[in-house]
Amino acid sequence: MTAPILDIDDLKVAFSQGGRTIHAVRGVSLTLAPGEVVGVVGESGSGKSVAMMSVARLLDEKQATITAARLDLDGHPILGMKQRQLEKLRGPTVSYVFQDPLSSLNPVLTVGRQISEGLRRHRGMSRTEAKDAAIELLRQVGIPAPELRVNQHPHEASGGMRQRMMIAMALALRPKLLIADEPTTALDVTVQADIIRLIQQIQRDIGMAMIWVTHDLALLARVAKRIVVMYGGRIVEDAPSSRLYSAPAHPYTRGLLDSTSRFDVSFREQTPIPGTPPDPSLPITACAFAPRCARATDICRTKIPTLDQCGGGQSVACFHPLIGSAS
Amino acid sequence: MFRFLIRRLAMAVIVLLIVSFTTFIVGHMTGDPVELIAPENATREAKEQLREYLGLNRPLLVQYTSYIGNALQGDLGFSFVQQAAVSDLIMERLPATLKLAFTGFILSLVIAVPLGIFIALNRNSVWDFLATSVAMIGQSAPNFWIGLMLIAFFAVHLKILPVSGYGGVSYIILPAITIALQSAARLTRLMRASMLEVLNADYVRTARSKGLRQRTVLWVHSFRNAMIPIVTMAGLELAELIGGAFITETIFAWPGVGRLAVNAVYQRDFPLVQGVVLFAATAFVVINLLVDLLYVLIDPRVKLS
Amino acid sequence: MSVLRRLIPGKRDMLGTIGAGILLFVALGAVLAPMIAPYDPTAISLLDRMQPPMWLEGGSLAHPLGTDNLGRDMLSRVIYGSRISLAVGVAAVIVGAAIGSTIGIVAGYFGGWVDSILSVVINAQLSFPFILLAIFILSTFGGGFWPVVLVLALGAWVNYARVVRGTVMSVRTQDYVHAAISVGVPTLRLLRTTVLPNTLSPIIVVASFSMAQAILAEAALSFLGVGVDGANPSWGVMLNDGRAYLQTAWWLTAMPGLAIAITVLGGNLCGDWLQDRFNPRIGN
């Protein structure tokens, strides 16, 4: 097996301010091979975005404390890395597409400027070279009249166009790993499918590894071969997508699937999971899902389950997984 | 963009009309100018003659129209108390006011912008706490009181600066600091808040995710956005200063428009008060128009509205 | 991320508590003045004149903040002075809020030309040199408590009108208001039941700041000689009186100014805190 592009072991992220500590990520381990596409799913507050932001150390480190047994990006341990070295990895090695393209693009700079500055920084291109490259990138992401768009500002484009610009920017340096954090959530339903197709197509062209972060399990069915489910700052299930959809092992995954309206399964009434997510300011001593879980027993309330293999490339952190028992 | 400016221009004209009309009406409610000008023993016929000579017997609206007509040609009326044209009196005092206004204003910007950025970058540090506290207190203390305390300390106690008056560089230091402190207190807090908001903005995270250098993220991606609210506020501050720092000029016996106006009020020199009000309002409106123009340069989104 | 940030409590709560504490302290001082002031603030004692505060040479515990040019006790005068300054502040806030909110509600609710007029008037008012206009009015028509309050309210109402207008406009577009209009709920009742409750928090925020502004402005007006006269001088009047003795007795100026600064600080801290709490986006 080739060296992983991303190797995370026991990642923890805590925010502290005003004497309170918010444990956003409470021990996440994830390994990604080059070219692999993984989906990370979870409710808001599950720590999925924070965990992925930690990969390039994009969090405000005045507030966030990141610890991990290992956090290697393309073989480089990024914790403790100097700012200058880190900057060299951001862009060519790991790149991001964020949720809201309007707020994620700088309103006072032209689109061309924002696409080309990464090229100038990392490839040492001249202003004109970088601008030509930006035009070419805009063309590749399907923006009409890129020669005009390149001189425009983000507010002059539509939501879908802006996300295409964002994608062009993220792909400018052909990164080895692309992290797309809810890339379609802020968009109209009509353009969501286009954007998903565009990202997929480019991923295949470049052959880069990719992480889709979303709260929408239905979306991942189409794009990811492997899905990681997060709850309360931890991974509760990690499985090939075919298996996750047909035989989810964690009761929470089951709950997520049930609350997602799917037409390929029978018409089932949407059943949201009862209860509320765990309080991130409290330490955990047990299974975080236990208070909302119908299968919970005493052990679930006293011990923290570990993420263990349960066959077929599937791992689950549960004392009473749905596999093997009648469900 | 053109429509935006036209609309602002129209608003400016309307505003000036309202200001001038209000002052005009208030002025007419305050008493008969003839009684003020005429000698006490003047006969009724003499007063009537004077009234007719001054055009004060015409309908109010006619008087107002002719006042505006004259004002447009730079004639703001005649001060009977000072026996001089109002516009001449203002022009004579304007250089002192401009000198003080710009010195104070630049001093305030020089303090506030770097300090605000610095404490935003080092938020929750000791420096942040100190600067924010001082700014908060500075914003709460009456600035004429700060001026007096500066006089008490530097001029009376240490005797290193003159108490008041107009002359060499030493005379401008205390009044300029008085003006700058209050303005800097406001601007520092705004600069800090604005910078913090921008540093937390999604586009700054995007810029960092591209691997740009920290100084590029700071100066190219953050600074310009953070300055947008500062420009508005600084414009308002400057506009107010140019209209006359009434109290500061009075305390320091600074021969500017502000002190001229305060004295005019006490002397019931109505044409002069009216002239200064109109002048100050015009300065305010013009500077705000300039700020709007500046906006078009720094914030491309403005072109849409 | 933003959700996270909102979960974390700031140090604002502490500062807000300090601000409220200051205001309460000053208010108590004003109410209980006759009981806590060591001397009659108007009692002249020429033998004791110009005594410095107790921590300076020549000062004594008998007059902790010193005495003025007529030998009156500065501490007692500052305590009594709070009565005028606070009363002016509170009255100006009430009058200004009443005028401004009403205009803001009308403009925000009915929109159209009513609203256009308001925005022109607000612009005009902002370009007026307020202090000059205030001293002009007061020196022409005479000063005193109510004239000063009215003039201050005249300067402050736009702030209320602006935020109330904004809130009302956003409330008006809410679905439940549309629904209420469509089923024919009378306008006045609609204003009372849906619009007014929503405008309350921005009004409180503005009130807090404008109370501080009113106290500052009252001091400025008194300083220029057109403020509230009376047996009990306000802080601004004391400042103006003390100014003549700046060369020899700086504390006559320093003490009332300090009292103003502390009280205004209380109002500003409260305002900041409330604004954080309610976040009505003042301005714009």
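For clarity, chains are labelled A, B and C in written order, and residue numbers in each chain start from 1.
Please note the rule applied: a residue touches a chain if its C-beta (ideal position, glycine included) is under 8 Å from a C-beta of that chain, and two chains touch if they have at least 3 such contacts.
All values reported here derive from a predicted model rather than from experimental measurement.
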Top chain pair, ranked by how many C-beta pairs fall in contact: B-C
Chain whose average C-alpha position is farthest from subunit C's own: A
Between subunit A and subunit B, centroid-to-centroid distance (C-alpha), Å: 51
Centre distance in Å when subunit B and subunit C are each reduced to the mean of their C-alpha atoms: 22
Interface hub residues of subunit B, defined as touching at least two other chains: 200
Junction residues of subunit A - those touching two or more other chains: 53
Touching residues on subunit B, where the partner in the complex is subunit A: 123-124, 200-203, 205-214, 216, 220-221, 224-225, 298-301, 304
Complex contacts: residues of subunit A adjacent to subunit B: 53, 56, 58, 60, 62, 83, 86-92, 95-96, 98, 100, 103-109, 114, 117-118, 121-122, 153, 155, 166, 169
In the complex with subunit B, residue positions of subunit C that touch it: 5, 120-121, 123-124, 126-129, 131-133, 135-137, 139-141, 212, 216, 219-220, 223-225, 236, 239, 243, 246-247, 250, 253-254, 257, 260-262, 264-265, 267-269
Subunit B residues within the subunit C interface of the complex: 11, 14-16, 18-19, 22-23, 26, 30-31, 136-137, 139-142, 144-145, 148-149, 151-152, 156-157, 200, 239-240, 243-244, 246-247, 250, 261-262, 265-266, 268, 273, 276-277, 280-281, 284-285, 288
